[in-house]
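One chain, chain A, links the two complexes that follow: it is found with chain B in the first and with chain C in the second.
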Partner chain A sequence: MIPALFSIVIGVLLLGLLAYWAFRGSSAVLRAGFSPADTSEALRLELPPVDLIERMLDPRDLAFVCKESPVETVRLFEQERQALAISWLRHTRRQVGRLMSYHVGVVGQNINLRPALEIKLGLHYVRFLVVYEVILGLSYILGPFRIRPIISYVIGVTTQLRGASEKLLGAAQLSTRTSAPPPTQ
Partner chain B sequence: MAKKIGIEAAITDLKKHTLPGLPGDIARLVYLAATRDYNTGRYYHDGLAHIYTEEFAARALQECHNDIFQDLVRSSIEDLLRQFELYVNSGCAQANEFIDFWEKVEPYRVAIPLTSDPVSAQLFNSNVKIALAILRHRENNPRNSSPAALLQP
Partner chain C sequence: MILVLRSIPWMFKRFPIFYGYIGCVLVRDVSAIPIYRAWPSLYRPFYWSTAFVTAILGYAVILEIYSRSLARFPGVARLIRAVLVGLLFLVAARVIAELFGGAANPLASSAALLERDLRTLQAILLGALLGIFSVYRIPIGKNLRGIIVGYTLYVGVRVIELTAYTQSARAVGIFVSKVEPISYLICLGVWTVALWSPAPEPITDAAPNIEQDYGLLLQQTRTQLLRACTFLTRTVRP
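Right after this comes the complex of A and B.
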């Protein structure tokens, strides 16, 4: 009798815990102001075009400025480019962070959860964070033009993240469509 | 569909008749930015609005403004400098006066289209700052002028 009562108590406690987690997840999403309708907005990474980043760190500009201007202007140019590279890195970090925080908020509610894709996204995110920190550190130490060859690696990792997020976006939109109530007149 | 045709016609008109008359992309950017109301951000051009309606004219001006801006953002410092030399040599102002004013007041910040992304805007501002510094250096040391500058009228 006592073991059965004990099992029931444990079962009720677990159910309560699950209900609490589910409630907390949905209220967090509501507090953040997200709704199924703006899923696509939240999961979209707003990143500047790759050609713009390549233009920003084009060594031909550095060569031209070195040839045509005094040392102060060359120094100003390098400082400007460093500030731009750091600003771009931080912008990318913010965008990816926004995507991940939205994802964490929504993932508990998504009935179309795809574990393999979730793990892949998580791994991409960890890789992105490592690469981001390394490149940010190097841009301070070496300057923007020397990190140019590895900038493409950040773009590559971010593109992979974008790809994973787009797949998740597809799944999220599908679950939104299937769970949304019919439109009322 | 008619709306799209109307906007396209207004853009073609701008690109064919109005913009080619201006000396270079900096002049075009300044001109198009000046057709935008400082308070509302809405574009207005009397002649275009008369032919194509206010809405089509505004959209055409906005699209051309974006195009010119994107071209300038993607130009090298050397090309941007050439555009500046073209603009200054067109007689808009004395070179030193122009450089002083642009460095102090930074009017180029107001010439950026509203729809541009922050990285494009930052890159443009940075490139203009550098181009102005080189232009000032050339003004103070005329022998350092590039052959491209000497060819300008």
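Right after this comes the complex of A and C.
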């Protein structure tokens, strides 16, 4: 029974994947070449300053507003901070999406592509997406101020994964060459 | 027949294995009619044995799809080769487990079950190909695209049909066996439309010189991804 169920699931998944691939449109398939400007933009990864975000989500602000203001003001304050938090989360997601899109677009034609490293990179990307979705979902449900204790578990897991990734990369490789300014004469 | 007669003069050189496959299926179908009429008792073994042969030939079609679609993408071709080899190892492991696992009837108890297993593996291989086409946005020309769509549709429907045929009650089995001619007709329609006239393969621009160094690009992508992940987790740290 299990092999039969497996076959049915595979067949249905294949038809679903075929429908997705066939109907996604030729515009998505026929991509244009990447210019040096695209390269620079994709690899720069402009993220908002962490200090600003930390300041924005500082629980002391919430405590102060709760203490000094009526309930309506507290609600408004939380809504605004939630909107900001969700906005920077989406911004980060877009940036990383563009980076990965650029990467897969460029390496396809590269003879030196190493499958194992590509799969590892794919897993890193999946990990990022999982963290992103968890934080985004919790931000919607609980608000940005209340997710911090809950997220500690997620951080523990990702820190372990990050340690493995850092070993791979090496501490000296953390600076990006393309985003650096061009050498002066 | 229309497909073969219409496009074989100029398409055979381009997709020889696919046309060989279509030719085999055509010969099988044409020869099945007199067998069905003259020797009905022979029809069943004839059908299942030839179905098994065409399922084997299907692997060659997948190989042709793979080599044609990724000819200009050596990097992705290497990646998918690794994925396909991994999948084949998994299937080989499963076959060995079945052979030595004490099963009363190893691998499959009938031609239908064996074909189902072969088609399921084809479905997995085609799924891996489609997944990598989607992720790496491999541009595919109209002709090859038609072959892929038609063949994948056929394999997907065939897997479901064979599973239902081998597992369910007789009435359901008869019903699903009626699905095969319809799905095959749709596939032939897709192939006929796609291969009606030759279409050039899409031209892709070369990668910019700055990214010729794959190691550098990989390192940069991973570094930036790591930065983004660190950014997310650091800002919500309690």
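Rule of thumb we're sticking to: the second predicted complex is superposed on the first by the 101 of 185 C-alpha atoms of A that agree within 3 Å, B and C clash if a C-alpha of one lies under 4 Å from a C-alpha of the other, contacts with A are read in each partner's own complex, and residues count from 1 in each chain.
In this section, contacts are C-beta pairs under 8 Å (C-beta built on N, C-alpha and C of every residue); 3 or more make two chains touch, one makes a residue touch a chain.
Worth saying up front: this structure is predicted, and the values here are computed from it rather than measured.
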item	value
Touched partner set for A:Cys66, first chain B, second chain C, both or neither	neither
Of chain C and chain B, partner touching more chain A residues	C
Partner chain in contact with A:His91 - chain B first, chain C second, else both or neither	first
Partner chain in contact with A:Ile135 - chain B first, chain C second, else both or neither	second
First (chain B), second (chain C), both or neither touched by A:Met100	second
Which superposed partner A:Glu80 touches (first chain B, second chain C, both, neither)	first
Partner chain(s) touched by A:Val126 [first = chain B, second = chain C, both, neither]	neither
Intersection of chain A interface sets (partners chain B, chain C)	53
Chain C residues touching chain A - in the complex, by the definition given at the top	72-76, 78-79, 81-83, 116-117, 120, 123-124, 126-127, 130-131, 133-140, 145, 149, 152-153, 155-160, 162-164, 166-167, 202, 204-208, 210-212, 214-238
For the chain A and chain B complex, residues of the former touching the latter	46, 48, 51-53, 55-56, 58, 60-61, 64-65, 68-70, 72-73, 76-77, 80-81, 83-84, 87-88, 91
List of chain A residues in touch with chain C within their complex	1, 3-4, 6-8, 10-15, 17-18, 20-22, 24, 28-36, 39, 43, 45, 47, 50, 53-54, 57, 89, 92, 95-96, 99-100, 103-118, 121, 124-125, 127-128, 131-132, 135, 147-149, 151-152, 154-155, 158-159, 162, 165-166, 168-169, 173-174, 176-178
Touching residues (chain side chain B, partner chain A) in the complex	73-74, 76-78, 81, 117-120, 122-123, 126, 129-130, 133-134, 137-138, 144, 146
